[in-house]
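Chains: A, B, C, D, E, F, G and H, in written order; residue numbering restarts at 1 for each.
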Amino acid sequence: MYIVIVGLGGIGRNLARQSVEHAHTVVVIDQDEARCSELLEHYDVMAVTGNATDKTVLEEAGIDRADALIATTSDDSVNLMTCWLAKKFRVPNVVAIVNQPSHSDFFKEVGVRISENPDELVAARLYYWTQNPQLQQLASIPGGTIFEIVAEAGAPIVGHEIRELKVKDFVFIAIRRVRGELIIPSGNVKIQPGDIFTVFTKKEAEDDCLRLLNKQLKKSAE
Amino acid sequence: MYIVIVGLGGIGRNLARQSVEHAHTVVVIDQDEARCSELLEHYDVMAVTGNATDKTVLEEAGIDRADALIATTSDDSVNLMTCWLAKKFRVPNVVAIVNQPSHSDFFKEVGVRISENPDELVAARLYYWTQNPQLQQLASIPGGTIFEIVAEAGAPIVGHEIRELKVKDFVFIAIRRVRGELIIPSGNVKIQPGDIFTVFTKKEAEDDCLRLLNKQLKKSAE
Amino acid sequence: MYIVIVGLGGIGRNLARQSVEHAHTVVVIDQDEARCSELLEHYDVMAVTGNATDKTVLEEAGIDRADALIATTSDDSVNLMTCWLAKKFRVPNVVAIVNQPSHSDFFKEVGVRISENPDELVAARLYYWTQNPQLQQLASIPGGTIFEIVAEAGAPIVGHEIRELKVKDFVFIAIRRVRGELIIPSGNVKIQPGDIFTVFTKKEAEDDCLRLLNKQLKKSAE
Amino acid sequence: MYIVIVGLGGIGRNLARQSVEHAHTVVVIDQDEARCSELLEHYDVMAVTGNATDKTVLEEAGIDRADALIATTSDDSVNLMTCWLAKKFRVPNVVAIVNQPSHSDFFKEVGVRISENPDELVAARLYYWTQNPQLQQLASIPGGTIFEIVAEAGAPIVGHEIRELKVKDFVFIAIRRVRGELIIPSGNVKIQPGDIFTVFTKKEAEDDCLRLLNKQLKKSAE
Amino acid sequence: MYIVIVGLGGIGRNLARQSVEHAHTVVVIDQDEARCSELLEHYDVMAVTGNATDKTVLEEAGIDRADALIATTSDDSVNLMTCWLAKKFRVPNVVAIVNQPSHSDFFKEVGVRISENPDELVAARLYYWTQNPQLQQLASIPGGTIFEIVAEAGAPIVGHEIRELKVKDFVFIAIRRVRGELIIPSGNVKIQPGDIFTVFTKKEAEDDCLRLLNKQLKKSAE
Amino acid sequence: MYIVIVGLGGIGRNLARQSVEHAHTVVVIDQDEARCSELLEHYDVMAVTGNATDKTVLEEAGIDRADALIATTSDDSVNLMTCWLAKKFRVPNVVAIVNQPSHSDFFKEVGVRISENPDELVAARLYYWTQNPQLQQLASIPGGTIFEIVAEAGAPIVGHEIRELKVKDFVFIAIRRVRGELIIPSGNVKIQPGDIFTVFTKKEAEDDCLRLLNKQLKKSAE
Amino acid sequence: MYIVIVGLGGIGRNLARQSVEHAHTVVVIDQDEARCSELLEHYDVMAVTGNATDKTVLEEAGIDRADALIATTSDDSVNLMTCWLAKKFRVPNVVAIVNQPSHSDFFKEVGVRISENPDELVAARLYYWTQNPQLQQLASIPGGTIFEIVAEAGAPIVGHEIRELKVKDFVFIAIRRVRGELIIPSGNVKIQPGDIFTVFTKKEAEDDCLRLLNKQLKKSAE
Amino acid sequence: MYIVIVGLGGIGRNLARQSVEHAHTVVVIDQDEARCSELLEHYDVMAVTGNATDKTVLEEAGIDRADALIATTSDDSVNLMTCWLAKKFRVPNVVAIVNQPSHSDFFKEVGVRISENPDELVAARLYYWTQNPQLQQLASIPGGTIFEIVAEAGAPIVGHEIRELKVKDFVFIAIRRVRGELIIPSGNVKIQPGDIFTVFTKKEAEDDCLRLLNKQLKKSAE
């Protein structure tokens, strides 16, 4: 796969690394020559120094044979124009970071798939954790949350079957055992100390769910 | 709740906003006075300009009555020392961003809960999307992935019951309807065009799962 | 008229001045506070410091009641997104500078009227002058050029009627007299020394036209 | 022709490109080495890094055999001294940008031909357009304006002869047809939809002229 | 001995020089390439440019075979994390500067030996001197001070045996003669003009000690 | 006492703090206004922003009534000229840091007392420690070293009288007990676990001394 | 007298001080606000921040009532345009520094009196001194030099009349006595030790003159 | 002659050029590598980049075989220490610029010959000229001034002998004729139009002298 990555901030660099590790052909574009040079030292990519909204820069990056272009700069207007150019070049797969929520519509009109503000995503996760120290949020969707919780040794439910938990409006997605085993839980799984539960709950049931889980999976409130 | 936020990069600012929106008392610490001033203009927080590894700066921020401290700077060594100081001040809830995976152990030894590298998280999501344009990854856990996929109008499964899909090693976590309804799916739910499925699959079953879903939920390969 | 001007480079500043001189209500937007302050000292405008691609900045500038928005920054991607936002706000009259010709299509698709690259325009004029020292180009259109030329004292045509010039494929648009009078020339106008001719010529006739005019309006080749 | 271009801002760069395209020998002078290097990468010119008011710099640029020198920096005092030096070196053709109107006289006293402030020129054009959205100004001369206007399909005059328009104090300079044909109009030209008229009007007749043209060439007021 | 020195400020550079002079293998780490280059020009060391809290940087510096690591940066949080990493790599001898006294405990918990704030040390010495111009402080320990004082020609004690001084709560550690001889004094040493006494005194006896020494070793109070 | 401190680097700031704590009148001089302002926020001093080699700056700082001036900048030539000026103003007590050993003579000629290079001092101490992990160097004089060493529980000498150590060419200066007591040791002091010995040894005897002490005061070589 | 000084480098600042000391009305112009502010703190002048080639800046400085304008910037093109503007405003007395000798003619054409390059002037003086350590050059004119030389005690001529020196092609301009008396020498003045001679010599006679003076006024060649 | 020049500001560069033109061996020292490089491109000198107060830098510059060292930096404390070091190296001829008059004594004590503040010198000359537009000051000594004045065609004295001017307390030093001839004037020289007089006058006689010369040498007050 021929992948063009625009912007070499933290996200762009990580993306380059991951793409190289999966053996794709990777071209990066950034205005800062130093950033390009640094990446070239570490990974087997091509790099073009320049502004990706400049058509000749995209052409130099091989846009005409790209399978995907991913715009990751912190400037939405650059991301937008770059993605639009990529669409004109008929790149099949055009993805962008959108830094300001109010700009999302523009990207959609142009036919670009977008990822929400990454900082907001991480902040939400940290905030959730501050409020629920015993949980770790994995993701949220409209109307629900996915999180992880650990069954402590000595907690009431340990040694019992999972069906004994009166589940309402939430789902046990998976259980990870201490030794690394991953189970898609059915009702008769017997809970062991250290089991990590991946749980989905509806927003409206979140409080009940947490109360129940804290009571059953934790030895005592910390 | 009295929350101290260290570092006013993108994550710190978002966190401040979210915390204020939930009516917490928020104090931010950053070395850059301009960043502090800018935040004060927009949100009802307190701000301390200084280095959070300096005990007097933390005291000025009211560390002794803080319920939580969240370190979000891009410098792990600053995050570590700040969190450690917070532990000494017996802050009940101490959370940090860890920018380099190899630093995680230090934070754990000191008793700080940590969040993985945010840039890596977002990059992984974008990469996944590049590879699977019809999906959107929500999260990954060791051994499995959670993603979303839309049932297209005219796809084979539309109008049929969910049980007709031969699910193996993956779970339907939730279905979001076009009108916003969120369903925890049981087998006899009838699939409608536009339904967004939240799905969990084990890593080893991911390929089979995607093949099945693409065949059944998509009208034709794009 | 309520006019919003984005960008306070040379063009933006001149535009602000001209708009104020015609008694319009003018709001300027620029990211550089110093530029805004400087303008406020000299003209009766309002100024908003910020990025015009930020919706709240446009709202602060009163975009909802603007009759026109003119984007003059040197960054096409900023101009594009700003103009697009202005269109969403239903500003009747949205105009932009386009710095790179290859970006023009985007602006047109969004419904923005555009002005060609100003630097290129001026350079063309200077170049023309280098080649034709006795002329001054005013404008060029596809297929033709508009320029000015002075009738020197002692030139053959001075004292004769304009009809005596065998005009083919060019037009005398206007004649400006030394005392300031402006004449739309008919054939029996008698040419006086110092008359400035505004002339239009087709591209293919330009060489003949210049040869004729130089012979008749100039005393001798310089 | 041997052309020396002083200053590599937008105008200077465009001028260099245009001059090279016409196969002239081009030498550029700029104080910023990076700007010079960048140009050398793209065009077949010579470049001298230095201050053009320094005689040895001009000599290095071959001033003694130059046919023309064009000063395009944004600093009038540099332009003035450079041009004056060029005159001493007996360069036949010395042209300059003048950034501040009040400096024009100096250039004229020294015998340099000058071009008006380019930013002001562009701003005037944009301003004109804001006021007359259906027109595009091409140029203005003391006492008159040259602009373009399109005949819309369905407008009253379409299909009629041009003589039917009661022209007073304005001139139809040219008509550009949709297919690209350029006509110097005589009275019996029949107007077609999409015809672009290049028109000259006296300042005092501009309002009447616009009223007439808008009524006859436009289907309805927008 | 294989020594890793982190930070090339004044202390780090001096340390590198001293270590090289004793023929050790020395590797320095600093984030500033210029500082590294400069050192390499003068001394036979190896240099790694990078952040010492980055595990791969330490590995590049040969941390696995280091006998000692000394952290000398002015940023305690960097020193702490670097030293901790060094401990994980089982470096036998890990030493650090601690710039803020309140950070000392962290270093001790991690098992790092620390040196007090160097600036404070020097300032104390200068301050002592301001107060006691005729003395030079060498060191202070809890409860006592070590200083030097010179026996002037013509002072009362000159020519007498040291035992004649009624020493109480202070110790004559050593006497340096003008010709460079160093004596560990016994009571019957005869004092010569120019003898430099190294003296230890308890804090509570310091005033008496100084009074006595000034009276006996100085010709007259200055 | 009226003290003028020149230079607000680490040493200068510490000196200011110490001087204020002893209730002296303190004036600081530094060229950087920010440094001055910062100090004024924390301590009750006066501050003059300016170059101390400028006579009017010194006068503004009250040099004519100063009891002491201490020059602590990292620029020896500034320190030298400042001190010389202070001597001209008959300041009784003029002290300076000398950053380059080869500059010492100038200061002495002018009559300024000097302190050796502070970075070198600290580096020497750290180096000593790297070589002798169980010791801590306190000071060195020409021909000898003063250091501290701890008597470990279970070491051979513990419980015995100090006279049993065959001391040659070194001196026990003081012993600090675990409870804080400070003893000037006589031969019959009985050694307790945790006693910290302050020891002086001649250079030529240092190896023997360390061997003896390590054998007698340490339980086993680490 | 109303004096406008352009440029606040070392020369401009000195000029401002001298002019104020003679009680003139002084206005300074400099582009750097900090320089203006600093001057205002020390002297009773007016200051205008701006570019002196901008007519409105000169007007703000009161150019219409100025008796003199002195341009002292290090940029000849700025000095030239400023002086020319001053001439247009009919300032009676317009003086400028000329930094590059080749620019002098421009200033003269415009009617500005100029001072030679000050750095060259000082350098010439220093160079002269290097070659003739016992002299101090005061000035040089085309064809001759003015310098000072001291009559040493014990030199042959001391006690004799000045006429005894065989003067050829040089002139004794003045003699300054040790007690400060200034004499315009006639032949029978008797020379005293310490007399400082101001001497003029023609270039071609300089060697002879120096030989004579060194022999007669110096005790022995150094 | 082997000359070391310290500091490459305007004075230093001019000095280097003049010294090279007289075929001396020249070494320059400056801390700024760019300045050194630039000089090396133009002149045949050696250059050492570094701080001249650093002994090793001076040694690298060949201070031990230098005939002269000239310190021209704008920092008096650097000039002082450098010159002092040069004296220690027994350089026969050590000269310095002194930027602040109050520092002069230090240089004299160290045995360095000094040149007054060059900016002040030039400013004085410009000021003098502002006050006496028809004169040009060449130099001033305590108690007197040397200046030049031109005899205008048509002035009263033209055609007369110089003796007819009633000279009191001033001296005609030299007369430069239009054709370049330089005369040491005796009384019977006949004055020609355009003669440039070099004149010395005592301070107390300056007004009378100027009045007389203006009356006799000028046609009419300008």
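In this section, a residue touches a chain if its C-beta (ideal position, glycine included) is under 8 Å from a C-beta of that chain, and two chains touch if they have at least 3 such contacts.
Since the model is a prediction, treat every value here as computed from it, not as a measurement.
Novice: Could you run down the chains that neighbour chain A and chain F together?
Specialist: Chains touching both chain A and chain F: none.
Novice: Same or different interface residues for chain G and chain H, judged by whether over half of the residue numbers are used by both?
Specialist: Both copies, chain G as well as chain H, present the same residues to each other, with over half of the numbers appearing on both sides.
Novice: Between F-H and C-D, which chain pair is linked by the larger number of C-beta contacts?
Specialist: Spelling it out, more C-beta pairs touch across C-D than across the other pair.
Novice: What pair in C-D, F-H or B-E shares over half of its contact pairs, by residue number, with G-H?
Specialist: Interface equivalent to G-H: C-D.
Novice: Go ahead and note the Å separation of the Cα centroids belonging to chain D and chain E.
Specialist: Centre separation, chain D to chain E: 74 Å.
Novice: Distance from the CA centroid of chain D to that of chain H, rounded to the nearest Å?
Specialist: Between these chains, centre-to-centre, one finds 52 Å.
Novice: In angstrom, rounded to a whole number, how far apart do the mean CA points of chain B and chain G lie?
Specialist: 74
Novice: Would you please write down the residue numbers of chain H that are in contact with two or more other chains?
Specialist: Within chain H, no residue contacts more than one other chain.
Novice: Based on which chains touch which, is the overall arrangement a line, ring, star, complete graph, or other?
Specialist: ring
Novice: From chain D, heading first to chain G, what order do the chains fall in as you go round?
Specialist: Read from chain D toward chain G, the cyclic arrangement is D, G, H, F, E, B, A, C.
Novice: Touching chain G in the complex: which residues of chain H?
Specialist: On the chain H side, the touching residues are 1, 3, 9-15, 17-19, 22, 68, 70, 72, 92-93, 95, 97, 113, 115, 117-127, 129-131, 133, 138-139, 141-144, 146, 148, 169-171, 173-174, 176, 180, 182, 184, 198, 200, 202.
Novice: List the residues on chain E that touch chain B in their complex, please.
Specialist: Chain E reaches chain B through residues 53-55, 75-78, 80-82, 84, 88, 100, 102-103, 105-106.
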